[in-house]
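The following pair of complexes shares a single chain, chain A, combined with chain B in the former and chain C in the latter.
Right after this comes the complex of A and B.
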């Protein structure tokens, strides 16, 4: 299978390692910090979570092996399926933000002088602490004197209890999450936009293509690698949503909480509030599988729509 | 020449200090200064905690106390992970509903010996509170403070509606009648706040109706009994009558904020709000507190924070000494004088009462006589967390109270049945 361009094997038989050639031992020394860090901070926690998911782990003290019990219980747990549905719905709403980000990014590229200001404005929510964002939106959504209901009342629309009524909570989170992710998505897409050769636009203009046609037939197709990247990251982040619900619905008295939990919130509650760490670990592993599946599926599907030029 | 003298003086001073240290000790030379961490979850109370720590350090110069204030939302997960991983604070606040898991898991330092050796008289603490920090006959925490419940009420709103203030003759009926008269929809004022609140709300009324919340063996709950249903109905009736903000409104704006905003005239809750209300300039001279109303009998739940220590502490002896100090009169007096909380130590509450003379705070101390410990059976944080989910339909009038109570009871009993 060796083609003529294949470089020679690093250590041809019969040739002894010379001084100029780094030995494997030294290489190991140099990568050790990275490997050890990775092992301690990622591999070990993952393995320990994985093992815990097959155990009944009390708050303190020794765990007992229970096999697949946690997973079987999980599959029959209505609360888990509800949380799963909530996370899925939230992810769909976040994904709706991707086309919006594409359009906005394209518009900003056209903006000329004000470009930098717009970018900063859209990016501000990204660099704001999610807890602070949650607190502010809590006030916006307040059913009695929130800003949203005040604005709606100008148009004769009756207000709702956006974060106290389980019919609306996930949508309310979705809007906030979308608003928070718009800025970072626009930055990534903006970089992709600037990589599109200008002559394509000039040539198409000569052929009589208008702005909209250019957007649909040049911008979007050539932007698909960036769109794919943004979509994949958005799905992963959306499935892990926790902070918004934690800040906006916290408190035993919020009657919408029971119907508005996301997968990660349920994990937190089981593992850290109710002391069921094994069950919590099983939720974490299932979430990992879901994220892996969703990502693999996207990589599979991208073959049919992403254009790499 | 001069620097030599300074050095000599410093040395002399250091020697004097060292001698002073060892004077009070067990004779062992104070080799080095050690640090104990003391964790709490209250910004409001941390100045008082600093003051207590300073006082302790004065008497024990070789011990340095570091106060750690964590946000409530992170407190328990941090403590749990810390205890499991060997990095928990040495001393920390404990609550009765978390206590059992920690005691059962062997995470708390046993204070029984310290209590005996230091001659601490356990009867100075409200029995309901000290009992809740005893596990299998051993004492694992000394009560720091306690709280009972009363009716916080807004005198200005009572005056405006020409309703007599609540007093110790009030029954449930008085509350219901007053709530109706005080409600003024046009002004956006409600007579009372009726959230799904166990500690300030329906636990008390269930007890007042002659019920119990969880049986003495901790194996079964009592929500669906006639008394349990009556105690829940007290609140759902107020909701049905429209004399309280709805649950949704109370989810968006907590009951205590509604009370502070003068939107509700009565709020059943604990002594722990006293300082906050006292400091609120909008409420000056407008509010006061009265005993909870009587049902079939008088009752209030009580609970209190305990000061506990970590079994894995590197300095167990110093830790025990510190915990004994925290359970003593001096620490109680500091808390009382700063108005922070109602200290658990008997006879130290006077400064607390005097710190906020505009309120009839004696109500909370008198309530100790008819107080019942907050139920903490089994995995309490798990079954208490189910309340909002199961009781909301009853509060919203979507399900008969009897049915919601039965479903909640079944769910609680299932948790209680877990090992």
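Right after this comes the complex of A and C.
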């Protein structure tokens, strides 16, 4: 790293003396901690995970190179495909929360003084320990005396074991995940809403457009960049779901657990419970590929629906 | 939206027998403190709280220092290889955190730090996202102050510390809140690096409570409440910083 000695031409000549650009030596000192940490704790672990995915790594003893064996095994592993399907289903449910967040964010922006209170209420699940959220919802979903079944019984609907019955588990998780993500999505969308010029609404009101028409023809199109951002982030986060399964199923209900694992849960189990690090690493690499593909797909699709005014 | 929380709070004052009755009662028949007694007598809450708080402080302070220094250099000090190096940070920003866990675990184990408080905080000291966020903040600041300070003979660290960092305060606050939120809520990493159960932070301890008191719902609800409330209070005080943090990042750390 050498110091750039020629000052940029646009700087006024009078300032040049004594105000030279700091040298590269200073830059090295400034970035050194971050770069060393990034190298040791991110770049190297990433490469190591990549390499391990081609190895058989026993809990003790040296690893052996096995080529694509882990990946081939993965593709023939029913448990993996089940987890993949579960993660995909969970992600779809979370995405259903995005339109809901758009409507709610628009309503709250118009709530005037009540806005602050609503924002706090919707944000509470975000700042509550996810583990605690899982525990509370497990109680709400309880098949014998849970709140949900109680409410359903008022309407004559018979209750279900929402968490313990694998037919419902992922849907039950999806509802909790959606509930947890609303607050985040609404905050991001709210920032987008406030960036929409007010005069557009005034002009359309003069033309006789009602609230609903304004929402459909002004708010939603102009909000599409924010909606796209929220959608992309939601997919990435949903594909990494772990906490809820760990809290609501592990050690509590093992029969449903077998059918309800997500990709990241399976990764955790293989790499850190059973210590099959090679196999676990392969799952992690597949997760990366899935997230990259999903994100690339969304960037491609955005051309047809995101409006950059 | 808050119904589950209301239900939680009502339940934690009920007796176990009342909480598991069908149909359930709405208000507790008698306000029973037994759930809190059971929780505090069986769970080392204060030591877990200390671990969670210690890890949070270490992680937030460390990350702010390291990320703002690097972010400033990436934004304002030209040096050879700056752009490719920064590109590496952006690349790591896009990789999901699970891809790092195996290597980070090996490193922590190699350093004989498993089951210690530093193990919880170390990976989070370094953040591609934090560096990125700080760089963006410094890039948008006017150059005049910096040049004036330099003319007065300040060295680059003095310029950074006395001139630029104070101007970055809103971004620092947003990053601090976001990093704190992650640190406090994270379950997977603490689970991996505290295999023996010593020096557990709250999420790990709370998850363990479920196995112990599977059906004692009042105790579980009380535990969930007690462990969550510290951050909720911080949020109520620092709402604006929380919202700014979320907006700037979309909760990607």
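Here is the rule we use: the second predicted complex is superposed on the first by the 278 of 309 C-alpha atoms of A that agree within 3 Å, B and C clash if a C-alpha of one lies under 4 Å from a C-alpha of the other, contacts with A are read in each partner's own complex, and residues count from 1 in each chain.
Throughout what follows, contacts are C-beta pairs under 8 Å (C-beta built on N, C-alpha and C of every residue); 3 or more make two chains touch, one makes a residue touch a chain.
Worth saying up front: this structure is predicted, and the values here are computed from it rather than measured.
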item	value
Touching partner for A:34 - first (chain B), second (chain C), both, neither	second
Larger contact residue set on chain A - chain B or chain C	C
Which of chain B and chain C A:187 touches, first, second, both or neither	second
First (chain B), second (chain C), both or neither touched by A:59	first
Which of chain B and chain C A:144 touches, first, second, both or neither	both
Which superposed partner A:164 touches (first chain B, second chain C, both, neither)	first
Touching partner for A:127 - first (chain B), second (chain C), both, neither	second
Which of chain B and chain C A:246 touches, first, second, both or neither	both
Partner chain in contact with A:274 - chain B first, chain C second, else both or neither	first
Chain A positions touched by chain B in one structure and by chain C in the second	142, 144, 246, 250-252, 268, 272
Chain C-touching residues of chain A, taken from the complex the two chains share	1-2, 4, 15, 18-22, 24, 26-28, 30-31, 33-35, 37-38, 40-49, 52, 116, 119-133, 135-137, 139-140, 142, 144-145, 147, 150, 153, 179, 182, 184, 187-188, 191, 229-230, 233, 236-237, 239-240, 242-243, 246-247, 250-252, 264, 267-268, 271-272, 277, 280-281, 284-285, 287-288, 291
Footprint of chain A on chain C - complex, ascending	1-5, 7-8, 11, 19-24, 65-67, 69-70, 72-74, 77-82, 85, 88-89, 92, 95-107, 122-123, 125-126, 128, 131, 147, 150-151, 153, 155-157, 159-160, 181, 184-185, 187-188, 191-192, 202-203, 206-207, 210-211, 214, 217, 220-221, 223-225, 227-228, 231-232, 234-236, 239, 242-243, 246-247, 250-252
Complex contact set, residues of chain A against chain B	58-61, 138, 141-144, 146, 161, 163-165, 246, 250-258, 268-269, 272-275
In the complex, chain B residues that touch chain A	73, 76-77, 80, 83-84, 101-102, 104-107, 195-197, 247-255, 379, 381-382, 384-385, 387-389, 392, 395
